[in-house]
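In the two complexes below, chain A is the common chain; its partner is chain B in one and chain C in the other.
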Partner chain A sequence: MKISERAFRAVGKPLARNEDLRLITGKGRFTDDFNLPGQLWAAMVRSPYPHARIRNVDGRVALQLPKVLAVYSGADCEADGLKEINHNPVPSTKYDLKLTGKDGGAVFIGKHTLLPTDRARYVGEAVAMVVAETREAALTGAENVMVGYEELPFVVGTVEATQPGAPILWDSQTDNILVDSSFGDAAATATAFAKAAHIVSDVFHIGRVTGVPLEPRAALGDYNSETGRYTLYAGSGGAVRQKHELAHVLGVEPKDVRVLSFDVGGNFGTRNRAYVEFGLVMWAARKLGRPVKFRADRSECFLTDYQGRDLVTEVSLAIDESGKFLAMRASNLSNVGARCVSLSPLSKGSGLITGSYNIPLATLRSRAVFSNTMPTQAYRSSGRPEVTFAIERLIDKAATQLNMDRFEIRRRNLVAPSQMPYRNAVGSTYDSGEYEINMDKLLRLADWQGAAARREDAKRRGKLLGIGFANYVESSIGTPKERADLIVSPEGIEVVIGTQPAGQGHETSFAQVTADLLGVPFERVKIILGDTDVVSAGGGTHSGRSMRHASAVIALASDDLVSKAKLLAAQIFHVAEGDVEFDDGVFKITGTNITTDWFDLAKRLKELQLEDFPGGLWVRRDNEMHTPVFPNGACMCEIEIDPETGGIEITRYATVDDVGRCINPLIVHGQTHGGIAQGVGQALWETCYIDPESGQPQNGSFMDYGMPRFNNLPFFKTEISEVLSPTNPFGVKAGGEGGTTPAPAVIMSAVENALAPLGITGVEMPATPAKIWAAIQKADRSALAEYI
Partner chain B sequence: MTNIVLTVNGTQVLREVEDNIFLAYFLREQLGLTGTHVGCDTSQCGCCVVHVNGTSVKSCTMLAVQANSADVTTIEGLAKGDVLHPVQRAFKEHHGLQCGFCTPGMIMAAVDLINTYPKPLTAEIVRDEMEGNLCRCTGYHNIVKAILAAADEMRPVVTA
Partner chain C sequence: MYPTKYHTPKTLSEAQKIFAAAASPAYLSGGHTLLPAMKLRLAAHSDLIDLSAIPEMHGFTQKADRLSIGAMTRHHDVANSALVAKLIPALAGCAGSIGDRHVRHRGTIGGSVANNDPAADYPAALLGLGAIIVTDKRQLVADEFFTGLYQTALQPGEILLQVEFPIPQIAAYAKFRSLASRYSVVGVFISQNNKKVRVAVTGAGAGGVFRVQSFEAALEKDFSPSALVTCSVDPAYLMADASGSSEYRANLINVMARRAVENPGKTSCYN
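Now for the complex of A and B:
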């Protein structure tokens, strides 16, 4: 029977999480909870300049201080033969858009050494490391390292960095542009634009933010001189990937590095790539013969956690008399920072520029540029909120320009279920979805009918009510390979897998899947993650890949395990393999009244020690799955603006999200809630603002980085829609990023809608009260008189 | 260095501590109570909340010597053996945690709020009172629900 037709006992149920007990009782295992005997502490000397030549690093004063043991510079790393972090930034599944350099060739990414030898290229870049007996001594030591800097011209702005005459970050390059690729049919698009009745255009900058996982990043490195093996405790988005990358840095075989990543206090993309401190603590541990620990303080996290977004997009839409979209043009420019760590945001966004709409022609130019800023990386829903913002805001503008209802113009252009699978104009093939049904469900859920009355009520109270709306479609791709080991013991079933949750509940949802596939109680399944000496392979957690990849590989492994167990039962009961039937956890010997189950088989095998079953009743299965899925949905919010202060209150927020098969609705709704908060945060409060005059980041603590808080968010109404994806056994799409994807667009749509009576347009993110108040001061006072 | 005597989770503790060590690090590094987390340097995030003499305190901003002779309860001391505190149970039942890093501070702050707020709690009150605790995973939605549910259990409505 096909999995999608089975009745499930655990799958689809809102089961409370297996993870929770340890986390609510203080028994979680986060990186900084680990300490090793004799451990030392590392602190980084960070560049105060956005761009400076490093003349010399003088550690003599620091080394005189009590408890300071060592000062290391880039030259020391180089002398020891440490290699660069081999980031592999160009997404490379069969379905990723192929980004190339300017001439169509390889992308120059800029060497990411642990400590630079030539220049510091952004404020906060580590240029030296101090190791001491205590953290305080290391920090004091770092303050006393004298670095000879020669300041260089710098550029931090995304567009500014592309301009002729901009300071160039890498000597081997003639400018800062590292990617320049074009997609779609330019000639046909030009023809369509030439005959269009309407052309609507805009330019948007989706600004720079950072992930802010609440657990500051930390690392504890050790080296065993007898075995020649390194050990690293470090929370990440995938221990296996870190093992391979750091082995390259250290110049050893991957088997000689063990990475342990247990509880991870938030990731959101920031932890998917290796940090220099991870390599540095292991290297220093070998040099000094003692474990070395590093813990970033919050300001270091704001400065040097990989950041997100920072995309400038120029978009145009060609529309006919009836409001049908004919063609689209986009030019997207991604600011990757000082070196290229990941092109995922640019790539993922590039494949989705046409959004949820049937736009037959499109052309896109995708560029990436270096600047004197912290490198950017995938941040929750990498690349998709940016392009969703562009198309949805552009459609709102088109509705105004064409004097059409903003829902009607969308309905007229949505991709229809009958068109699925739908290949969009830049080559992405949407697997499934019912976009207009999402819209209809959402309008009911959000009580669109009652909105007019609420607007009147708000006006009576002197408030400007704004209604925001956006559709979205996103892609979930991710690393294509995943591995699962299924191990049966008399006590239960263990699943060893290479994903790396940071709160997504894998220990629960993967157990639900396994329980139903094998016909065992949910309570008997245990998921093992995060220690590379146990987890031999796996792609980590990003891009909404984990539930889909895990359920697919566990389904395949389950089939293998059933076959193996049938063979075992045949040997135990001395019958032919074909005489063993399996159904829902029970093995039955045909023509007899003998039945057995998984745990009984494992127990008997343990007693018998059959030589055909080395290691017991277990299987290992690898799976490679390239085909992407396209979660989608619709989102609506209402805000009230106080025209006297510019203050915003979000009064209603509703979403309908097609996640494909929902394994655990409790978890999926939770993912949506958190995703919404992060998207709303970018729209209203969050920014990594870098002063263009000084190159200095201005948001270094929770005092000056606006976070979503208890009292600036409402309760959310979230509804899950399950249109099963035909691409994988369970029909999973993804549930982790749909909350974020439309949120900046929907909030800014609401802000514009609220301010429309005052004739205000073009407020930029984050739409802080100060910006809104300033815009209101310049607005038409007569319209304002109705509210104040 | 100063000698301090205090009660931590019901057990008397005598230690010699550095004068400048914060309570959070004293608990984590000297007593091994790593359930209390530190998420910032500015008393903004609330991951480090513990109870000192029954009142919630951001332990990253209180010196260990200031806790001399105090009665300190951390997340490890909240459950009675295997019996979870109602707030712990509510966080699990309502999915009030994801990564779990902010959770100990959230729970400790919520317990104090429920125990001491003079009026019945509403979502709005919970949101205003808990504003000093940050969470990056949940959007706060299920945390508010969990706190209200625990409050209902801990503070049964008394009809006059």
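Now for the complex of A and C:
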């Protein structure tokens, strides 16, 4: 029987999370919880300038201070032959859009050395490291390192960095543009635009934000001179990737690097890529013969955690008389910061510019540009909120321009289930989905019928009610390889796997899957993660890949394990392999009363020590799965604007999310709730604003970076829709990012809807009260007479 | 944090002695401003003198027509005091609107007043109620006490002991909060006492907390929101930052003042 047709005991149940007791009783193992005897502390000397030549690094004063042991610069890294972090930023599965340099060639990414030898390229870049006996002494040492800077012209703006005459970050390049690729059928699109009855265009900047994980990033490095092995404790999005990248930096074999990443206090993409401090503490540990620890403070996190978004998109839609979409043009420009760490946001977004709609033709120009800013990285729902924002806001504008109902224009153009699998105009193939049904479910869930009465009620209270709506489709691709070890012991079953949760509940949902596949109680499955000496391979956690890849590889491994267990049972009971049947956790010998189970088999094997079963009853399975899935859904919210203050209150928020098979609804709802908060945060509160005049980041603490708070958000109504994906055994899509993907679009749709009586459009994110009030002052306020 | 020596004197005179003998001392009350600044290495003090163990700096006393609150009284205790709720309910509401639960259980009225953060709530309450500040050396009226951004009339080593509030017929506070820090972008505290009206504004003034005489005059004639409709504050005297321009703050001062008048006895929070 196909897995997707089976009845499940654990899968689909809202089981409480296995990890929660550990985490809420202080038994989590976060990076800073680890300390080694004799450990030293590192502190970074960071550039105060957005762009400056480094003349020299003088550590003489710092080295005179008590407890300061060493001052290291980029020259020291170079002298020791340390290599750059080989980020490999271009997404490379068969299904990722192929981004290239300007001439179609390789993408120049800018060398990411641990410490620069030539220039500082953004405010906050580490230019030297001080190591001391204590953290305080290291920080004092860092204050006393004299760096000779020569300030250079700089550029921080996304569009500004592309312009002729902009300061160039990398000497080997003629400008700052590192990616320039075009997709789609340009000629046919041009023809469609030429005959269109309506053309709707806009430009949007989806600004820069940061992930703000609760746990600041930290690293503890050690080196064993006897074994020649390095050890790193560092929470990340996947220890195996860090192991390989850091081995390259240090110039050693991957086997000589062990990375431990257990509990991680928030990732959201910020921790997926290696940080310079990770390599630095390992290198310093070897040089000084003692472990070295680093922990960023909150200001360092705001400045130097990999940041998110920062995309400028110019979009146009060609529409016929009846409101059918004919063609689309988009030009997307991604600000990668001072060097290119990841092109995932640009690539992911590029494949989804047409959103949930059947737009037969499209052309897309995708560009990426360097600037004197912290590098950007995939941030929760990498690239998808940006393009969802563009298409959904553009459709709202089209509805206004064509004087059509905004739901009707969407219905007329949604991809229909009968079109699945649907190949969009830039080549992405959507696996499955019932987009219009999502919309209908949502309109009921959100009580669209009652909205008009609520609008009148708000008006009586002097408030402008706005209703926001957005559909979305996103892609979940991610690193294609995953490995699972299934190990049976008399006590239980261990699953060793290379994903890395940061709150997603893998120890629960993976155990649910394993329990049902092997027919064992959920409580007897244990998930092992995070130590590269135990977890030999694995793709980490990003792009909504973990549940899908884990369930697929565990399913394959389970089949292998069942075969192996049948062989074992045959040997134990001296029967032919074909005489052993397996059903729901029970092995039965045909024609006898003999039955056994996993744990009994493991116990007997332990006693017998059969030579065909070295290491016991266990299997290792690798799986490579490139085919992406396309989670999708619809989202609606209501807000009330106080026209006197510009203040916004979100009064209702509802989503319908097709996550494919939902393994644990409690976890998926939680993921959706958190995802919504993060997406709404960008729309209303969060920004990493960099002053173009000074190049200085303006949001360096919680005093000036607005976070989502529970009392600024309503209770969410979230409904899970399970349209199983045909691409993997359980039919999983993904559930971690759908909350975020439509959120900026739906909030800004509501803001514009609320302000429609005043004719206000184009409020930029974050839509702060001050911005809304200023827009109201500029507008024709006669319509407000009814409110105030 | 640079090294510092922590003291917990049990008496006022002991605190004064430690202060006099130290190189660069600071008194510590709730520590919610000072300690983060020290942790960020933006402030350094050789000695921290914690005032929380000095008995006369705690609690509430009603003296004739005044309510006296000890400087080390926590925001949470002011917010939940039955006496404060009875005599000046808007003051209890104001204390309950400061920061979050954690802040309110550590932060003190004296610490907030002595720090005079230009966006803090208590300075508006003190100025808006015409409070008297009692120190170990003298008594000062609120109008003389707050002298500029983070500046007060306190002299080095002088300890703020109590704040005495005249009990008004009406008091109300309305504030519009920053979405990031939750401090007031604009907070307006209004009181009416024997026909005299005081209107004090925090969060907005380029020189810190201030009174708005034109609003006071208008409300003394007619204590109603409509009396304020034509009143305005000159943006030239106001702050501008990421939370809003000086024009926006000028608007909020008017809106918050009206809303305070509309809600006597209450503290109303917006945003």
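What we mean here is this: the second predicted complex is superposed on the first by the 788 of 788 C-alpha atoms of A that agree within 3 Å, B and C clash if a C-alpha of one lies under 4 Å from a C-alpha of the other, contacts with A are read in each partner's own complex, and residues count from 1 in each chain.
Assume a residue touches a chain if its C-beta (ideal position, glycine included) is under 8 Å from a C-beta of that chain, and two chains touch if they have at least 3 such contacts.
The shown structure was predicted, so the numbers you read here are calculated from the model rather than taken from an experiment.
Contacts of A:216 after superposition: chain B is touched, whereas chain C is not reached. In the superposed model, A:427 lies in contact with neither chain B nor chain C. In the superposition on chain A, contact is made by A:299 with both chain B and chain C.
In the superposition on chain A, A:647 makes contact with chain C only, while chain B stays out of contact range.
In the superposed pair of complexes, A:703 makes contact with chain B and with chain C alike. Touch criterion met: A:689 reaches chain C, while chain B stays clear of it. Ranked by how many residues of chain A each touches, chain B and chain C are led by B. When the two complexes are overlaid on their common chain A, residue A:20 makes contact with chain B while staying clear of chain C. Overlap of the chain B and chain C interfaces on chain A: residues 297, 299, 702-703, 707. Contact residues on chain C toward chain A in their complex (touch as defined above): 1-3, 40-41, 176, 178-181, 183, 242-245, 247-248, 251-252, 255, 270-271. Put simply, chain B touches chain A in their complex at residues 28-29, 33-42, 44-45, 47, 74-76, 78-79, 84, 88, 91-93, 95, 97-104, 107, 123, 126-128, 130-131, 133-144.
Residue ranges of chain A in contact with chain B, taken from their complex: 16-17, 19-28, 30, 32-33, 35, 211-216, 263-268, 297-299, 502-505, 666-667, 669-671, 673-678, 701-703, 707-711, 713, 715-716, 739.
Listing the residues of chain A that touch chain C in their complex gives 136, 139-140, 143, 297, 299, 642, 644-647, 684-685, 689, 698-699, 702-707, 712, 768-770, 773-774, 777.
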